[in-house]
Structures are given as C-alpha cells and as structure tokens.
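Shown next, in structure tokens, is the structure this report addresses.
Letters are used for the chains, namely A, B, C and D, taken in the order the chains are written, and counting of residues starts over at 1 for each.
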Amino acid sequence: MSPPATLVALLHGPDQPGLVAKTSGWIYARQGNILHADQHRDMEGGEFFQRIEWVPAGGNPAAAAEELRVFAASLGMAAKVAVSTHRPKGALFVSREDHCFHDLVLRWKAGEFAGDFGCVVSNHTVLADAAKHYGLPFHHIPVTAGTKAEAERQQLEILRATGSEFVVLARYMQVLSADFLRHCGQPVINIHHSFLPAFAGGKPYHQAHERGVKLIGATAHYATAVLDDGPIIQQDVVRVTHRHGVEDLVRKGRDLEKLVLAQALRWHLENRILVYGNKTVVFD
Amino acid sequence: MSPPATLVALLHGPDQPGLVAKTSGWIYARQGNILHADQHRDMEGGEFFQRIEWVPAGGNPAAAAEELRVFAASLGMAAKVAVSTHRPKGALFVSREDHCFHDLVLRWKAGEFAGDFGCVVSNHTVLADAAKHYGLPFHHIPVTAGTKAEAERQQLEILRATGSEFVVLARYMQVLSADFLRHCGQPVINIHHSFLPAFAGGKPYHQAHERGVKLIGATAHYATAVLDDGPIIQQDVVRVTHRHGVEDLVRKGRDLEKLVLAQALRWHLENRILVYGNKTVVFD
Amino acid sequence: MSPPATLVALLHGPDQPGLVAKTSGWIYARQGNILHADQHRDMEGGEFFQRIEWVPAGGNPAAAAEELRVFAASLGMAAKVAVSTHRPKGALFVSREDHCFHDLVLRWKAGEFAGDFGCVVSNHTVLADAAKHYGLPFHHIPVTAGTKAEAERQQLEILRATGSEFVVLARYMQVLSADFLRHCGQPVINIHHSFLPAFAGGKPYHQAHERGVKLIGATAHYATAVLDDGPIIQQDVVRVTHRHGVEDLVRKGRDLEKLVLAQALRWHLENRILVYGNKTVVFD
Amino acid sequence: MSPPATLVALLHGPDQPGLVAKTSGWIYARQGNILHADQHRDMEGGEFFQRIEWVPAGGNPAAAAEELRVFAASLGMAAKVAVSTHRPKGALFVSREDHCFHDLVLRWKAGEFAGDFGCVVSNHTVLADAAKHYGLPFHHIPVTAGTKAEAERQQLEILRATGSEFVVLARYMQVLSADFLRHCGQPVINIHHSFLPAFAGGKPYHQAHERGVKLIGATAHYATAVLDDGPIIQQDVVRVTHRHGVEDLVRKGRDLEKLVLAQALRWHLENRILVYGNKTVVFD
C-alpha cells in the first residue's frame, strides 16, 4: 500500500492578521492533517509566504488542491498546489561536460528527486551513449550562431512533446534566448560556476584565478532573460590557494557544481522554492 | 516609543490532528498577531513541537502568557511562555581563560543577546579587574576537592541573591556536581572544546592531536549530571593539519568556542530551544 | 610527446641539521629539476618528513629512484619513491551501496586519479552489471561467518593475480580480518560514515541521530587490525538539524562519503601521504 | 632564557634550476638551522616564491639577514628578511564600529600576533575611552570632504612619529587617497564586508540582501589606489537565508570580519604573505 497522497501549497500575498490561523484552520476544518507548515514574512515588503504540506481527507486530492487555490485567492494570495502523486518530468540540457549529468541521473536513480528526467537534449553527441545506457532518450540539436533560433524552436518542440515541466541546464554551454524562456513557460534551473554576482559571464574560473580570490563558488539559479542574473536558489564555495591553477579550480569546482545543482533541483521538485522579485524564499 | 511586547511560547506534547490550527486559531481569536510560527513533528516519537511568537492584544502580556499555558495544557502540551519585556539575568562562570568571557560580554554590550549578565563567578581572581571594568560584580569562590561542596553552596546562594535565570560556563574549569545542578534549577550552558561525543572529558585538544583528526570541534550543551553528555545545542568544526601542534589547536579552538557558545546563548535567550529527552529542537 | 617522467619521494627519519639542503643539493648535483618540495618537522617527536617531486636527468628514472633510496638511507631516512610513468592498479571492494562506487569510477574515467582500478570485488551481485558497463572485471565473493576465511583467501588471490597495489573499501560492509590485512601487504583505504572517533562501529548514522549531534561526518582512513582506528587521511562534516531523521542523515552522508573517500584516494595515488604511528602527514 | 632569534626570508624572482638547493645550501653552509621552508612556482608566469625560516649561527642575526639579501640578489631574487627579535609596531584605524577593534586588541593581548599596536587613529571619538583602557594612545582626526587632505597629512605624521610599520583599517569608514598610500609606504590591511569582487563599494550588506545571495562574505586585502581592488589575503563566507534581513547580515558579518581580518594580520606579521601583481602567495 502506497502512502496517502499529500498536497504541498506554496502561497504568497500581502500580509494581513490571521493568515496562519486561516490557512491551517481551513485545512483542519476539512479534516486535513498538516504534516509541515512553514511561513515567512518579508518585514520590509509586507509580504507573506507560506508552504503547507498536508494529507487531505477524502479521495480526491486534485479537487482539494483546486479548493485551496480558490480559498487562497479569497485571502488575496497566489497559490501553487502540487499533488504528491504527480511526479513532474523534466529535460536535461547538456553539452560536453559530464559531471553534473552523471551526478543528477545517478541521484535520480537513487530516488533523491521527487520528479523524473524524461529526455536529454544536447548540442553535442558526446553524451549520447551514456544517456542511452541510462535509458534516457537523447536529442542532438547542434547550435550555431546562424541556427540558434531554429535550434531553440526544436528544443521547445521537444519540451512540449515530452510534457516537460522543468528544464535543468547541467553545464549546457549555450545561452538560452529571452524568446526561448518566454515560450518555454517552465522553470529553467541553471548552474553557474562562480559565486554570483562575482564572475558572471564566460570563463568564471579564469576570472577567479586572475583576481586571486581565496574561495571559488557555484550558483544555481532560475534562468531569466538577463544572463546569470536570475533568482539565486543555492550557492556554495570551496577554499583555494595560490597553489591552485585554473585546472585545479575547474576540478574543485566540479564537486561544487554537482552539489549545488542537485540541491537546487531537489528543493525545486519538493516545491520548497517561492520566487518573488528576483529572489527566492527556500523552505528547507 | 518602544515596540509592543511580544510573547514567545515553546510548546510540546503528543501529536494530534489540528494542533497548528488550534494554537494559531486561539491566538487569532484573541486578536493576537502571529509574527513567527514554527513547528516540528518527531515522526518516530509522535511528539509535536512548536514555537510561536506573537503580539497579544490588550495591555497585559503576562496574563496572555498564563492563558496560553492553560490552553496548551488543555491540548495535552507543556508550554513555556516568555514575555519580551522581561530580560532574564544570568551568571557567567569563568576560570582563567578569558576569550569566551570577553567575547560574551562584548556581544552583550553590543546588544546581541535578549538577556543580561548580572554577575561573574570564578574560582580564580584573574578576571576580577576585567569584570569590574565591564561593570559586572565579581565573586571569587575558590574550589578545591575539600571545599567543593561549600563552594557550590556559595555559588547557589549567589544565583539566588542575584535572581539568575541562567548560568553560562565560559570555560569554567570545574565540574559542577549533580547536586548543584539539581538545586540550581536553572539551565546551565557549557562549552566543551571538542566535537562531542568525541573527546569527552579532560584535555580534548590533546586527545584530538593524539588521534590525528583532521577537524577539531567545539560543542555547546546544557549541563547534566553526566559529564559532557547533556543535550547538544550547537557544534562547529575547523580544519587542522599535521602542521598544527596542540598549541595551534588550542588557538584555533578558541575561535570555535567563542562562536559556538555565543550562538547557543543567543538561541537560548530568544527562546528557540526545546529540550526533549537528551536532544534539542532548535527553532532558528 | 608525453611530459617527462617525474619522481616523487616520501622521506622520513630522525631530524638533523641540513636535511633540506642535503636532499635538494643531492638532486641538483645530479641535474634534477625540483618541481615541488615540502617538509614537516614533528617538534615533539623530533621526526623529519619530506615530499619532493622532481624531474631527474638522464633516461632512467627507475635507477634514479633507487639511488635516492640509497642516499636517504645514508641519512637515516626511510624513503618511498614513485615514478610517474607507473600507474598503480587497485581493487574496489563494494557491497550493495553504489554511491561511492559510481563516484570513484566516474572520477577515474574523468582522469582525476593517478592510478587505475583493475577490478571490483563484492560480497553481493547488485553492482555486477554496472561494473561490467564500466569495463571492470567483477568478482562475486559471498561472505558469511562460516566462509569468511575462505572468502578472504579468494580475495587475496584476486589481489595477487591482478597485481593490485591498493584496495579501496567503497562502503564494503564486511570487516576485514587482521589476517587479511597482514597478508594483503597493500594499503587499504576505508570510508567510515561518521566523524571518527565518534560513532565507530556499526550504524553510525543511527548513533549520531540518537545522540542529537548538529553535524555529521565521514572519515577516510587506512584500515588496520583495530576496527575504525587506523590513521585518518581526511574528514569532513555537514550540518544537520532536528528536522533530519536517520534517512536524511544517510542521504546527506552519501555526499560526504563520496567527497572524503575520493579526496583520500587522490592524495594516496599522488603519493602525498606519509603514515607515522597512527597518524598521517598529508602534503597537499 | 629566550628562544634564539630566527630569520624569515620571503624571496621571489624568475624561476631557474637549483633555487631550492642553492638557498638551503647557502644557509646550511653557514651552520644555519632551517625550521621551515616552503616554495611555490607559478607555472604560467615562471616565477619562483620561497619562504624560509631558520636559526642563523653566530650572534648577529641582522648581519645574517643582510647577507641573505645580497645572496638572493645574486640569484636574481628580491628578498625581504625579518628578524624575530624585532616586533613591528602598527597603527589601528577605526571609526564607530568596535567589533574588529576589540577583537584585534584582545588577540594582541592574548599573544596571537607577532607584532604590536602602537596607537589608535579615528575620525570619531567613540572608541577613545576603550583605547585608553587598553593602554593605547588615541588620536582623533576628524575627516570631512574639505579637511581630508589635511587629515591625511596628520595621519601620516602620526605614522612617522610612532614608527608604524603597518596600518590596519578595522572598519575605518573613510577611503584613503592614493596620495596617502603612496606617502605612507607601509602595508595597509583593510577588511571589506563582502566577498570581493562581489559588492565592492558602499553598503555591501544592502547590496547582498538586494541580490538575494545565499552566502555573505568578508575579504581582507591590502589597500591600493583602486578601491576594494587590492591583493586579497583572506576571505570567508557564512550562509544566510531569506529569513535574514539586512540587520542579520550585519550581525553575522561581524563575526566574519573579525575572523578574516585577524587571520590576515596574523599572516602578515608572521611574514607569510608575498604580493605579486595583484595577488598574494600565502605560505600558511
């Protein structure tokens, strides 16, 4: 027997007295059993954020989800409600580098994610066999300056055809256009190999080495139309010294990238992330 | 005009449906304004833990605190309720080492703690002048094997006379007896200079050096009758190498001890810590 | 054209004046070009430790290595000299858990190690297909209380037959006997899933959860006849809270185990580790 | 009896074969006893860096230091040689914030630094009494846009009069002019409260909060004519979440600033830092 379906609601809106009581009271009145409830107030902006996870009574979690959305709207709040029985499927975009690719797929197979990978998209063929070994359909879409628009059109087509609800850029070395992001309509998680906002743009390890920093970092963020400027989900750093050349930074950075991207994706799939403005609230 | 008084309740008891709704509903029904609410379920033990901070309506926060206690009891929960207008006073126990002493007092003067130090108690006179400079009464109570019982009697008398509601052992190098802890009746926070449970007992840096560990730690915990075995509040570590002798470990450890003890005390005074069994729930 | 062969010498012996000058002078006099030289003095024990990496003149690095050994002996020092053109081959021991297994093999294929895996040995068959996919011979040797001695005999036979110069216990869930270690004669690197010496023995994550620690750790060490007591190579920790159950500790611990074991093996294969007594000097 | 005087030489110059052998041989030939020797090669730039600490024979360490400088020059290397019996005196520049001030002075009194503070210079009077209590002369030099040049003239005069060999900007909230730095002629160590190069300039915690980073940092660096752009000595970070407002960042940042600045100063005074280009080699 599988565990009962749970709902996770992410709510936010203008703060007002009694929101905690109202949402928890609403669930309790419907015989729902709250498993976790976490809230946050942005004191400056007067905004209220909440994540509630509960077991709804009755046999129709989808209906309960919809009811909650309506109720939240009556309180002036936007709500996103996920049902645990639905596992979203996503697309993995890669280029030549394989460390994040292997790491994410192995974690997926180990059961670390509340979602699935449905396909691999790449502008190179290097990882075609590996994807196949993992049982993942592989789509090779070369990208050049001249073919970029057409390539993005094909990528969007694949996302639609596979019902992808999220995209992970696992060291995908092409910049996605603002057009792509707009038409995609799904969250796109990127890993940038620096401690943003330091060293945005190309060759961040070279930039870091040049500047002589004593820590290097990695940043997972939602991709937006402005390069390396989207809402930050997770960051981490590791110590380096004068003994480390660019090659060492690249090697040490790989471990950072793997950990930071995997953590960001895990949180995303567990519906722990609320984006507001250009920032994130992460209920971990 | 000072900010309005807030209440902080720490509740725990057997889990049951609707606890979040009931407590938040109770506060809302009395026109209270919840600022923060955080809860935790121990899935194995079936225990529910909650910290709620709110602004009560009306002019009598002490009465509101008492009402909440009665309400919590009706739900089968124990409750500790603190009123923000009451700043608890505590005693600082020290010996010869002064780094935690200076650190805590300077943080206190910088406004980092939601409580105050009322006196310094020491088995040595080394820090008498420093305490005086900080404006803190200093009590010198020498401790020897033969006089320990009498010394502890004097210490307890000082705690009573000064209305101390907590004790911080800031590298106080005497073991407090089970009798002292029982009669004291107030929480006693200790800093142990190792990553407990590794290297309990005396000379932990020597033990760590002998074993050749690559990280050394510090642990803040509530003192109990069993030495170095009380509920852990906070721990941290720092990297060491073969180049570090015991003296280096001692020096590096001082920074750890300062940070870990200060963090533990800050949490304690903000009523963020619930002790259950031999563990802590820290709502940070 | 491949880079010139380099030699790495690890020397240690009683300290005496002029050792740095003598070893570097000896190499310089033979037209060797020192790339790195690092030394350490254990002030308490009066022991001198050195790691030198250099490009020897002439076409016979093996002869140069032997000469250095003789020279070191004349200074009262033991010396281990490795030639960069020789890549040692090792055996990977695994059970059911696959995270360290995949991590190590993928790092090996990414070129992170100065050595190679020659075979996989397991008391289970779970990882047989994965090993095969990676192109690694897989040896299934079941171990029960009654067959342990015979199983270890077979393992030793495989080590001999494959010319294994090191063994990595990548979450191999059997205790190797003192007899095995003695007959093996090669370094055996183990990963223990706790911050040793805390929580030695079985089920360390359960022990850690029970004790309520705020950090969990992993420790890579050379295996010795005393369980979980060998010279520590590397350790790391990660923060946990009351929200983390044993399952979360296991998941978070996997990342620690991967990083710590890979780092230990990298150092070992780069001849950066000198064992003395029950401790290590790591020239990183 | 005090320990024998030691010399510490920091050398650097174009790499050439035999440098390690030559410098250590030179010392050994003069019956010097090398305690530590550490070297680094910048592979890209072909530069050699070395730090050697040794006990010279004979009774004239100053003469031995001078001889080493001449010898290094003959090898094409610049050398800075410090004698352990000379403890450099420095000036502490502060404004209103007192955490780094207290931290540095208490560490100094605890014996953590191989140098001394000779005076405190401030554009405010807030810390005058505290300085006096610590026994440090306090110089109040107000700075306004109109009086800056004159104020810097007075500061330089104080540095000269007190024989200051280094300056520490312990959250001194004025930008020193390029002119000041040129005339000062002594190393000036600054603490910037961000992870440079991110958030250079004013109000870095506000910038960090605005950007929504998940880690905040602090950076100790040598001051140069370009604001917040000098050679980085040390950096560290601490995790923050959406729950932390700017005030929390400021409080958490204080601990970072103290640790990072103290570490940088300790390394500086132990002659562990070589500046080349806009970067540092730190022999720790």
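Following the convention adopted for this analysis, contacts are C-beta pairs under 8 Å (C-beta built on N, C-alpha and C of every residue); 3 or more make two chains touch, one makes a residue touch a chain.
These numbers come from a predicted model, not from an experiment.
If you compare A-B with B-C, the chain pair joined by more contacting C-beta pairs is B-C. Separation between the centroids of chain B and chain C, computed from CA atoms only, is 42 Å.
The geometric centre of chain A is 38 Å away from that of chain B, both derived from CA atoms.
Those residues of chain A in touch with two or more other chains do not exist in this structure. Contact topology of the protein chains: fully connected, every pair of chains touching.
Across the complex, chain C is touched by residues 40, 42-44, 49, 195-199, 211-215, 217, 231-237, 241-243, 245, 278-282 of chain B. Only residues 17-18, 20-22, 24-25, 27-29, 31, 33-39, 41 of chain C touch chain D when the two sit together in their complex.
Against chain C, in their complex, chain A makes its touches with residues 98-99, 102, 106, 110, 112, 133, 251, 255, 259.
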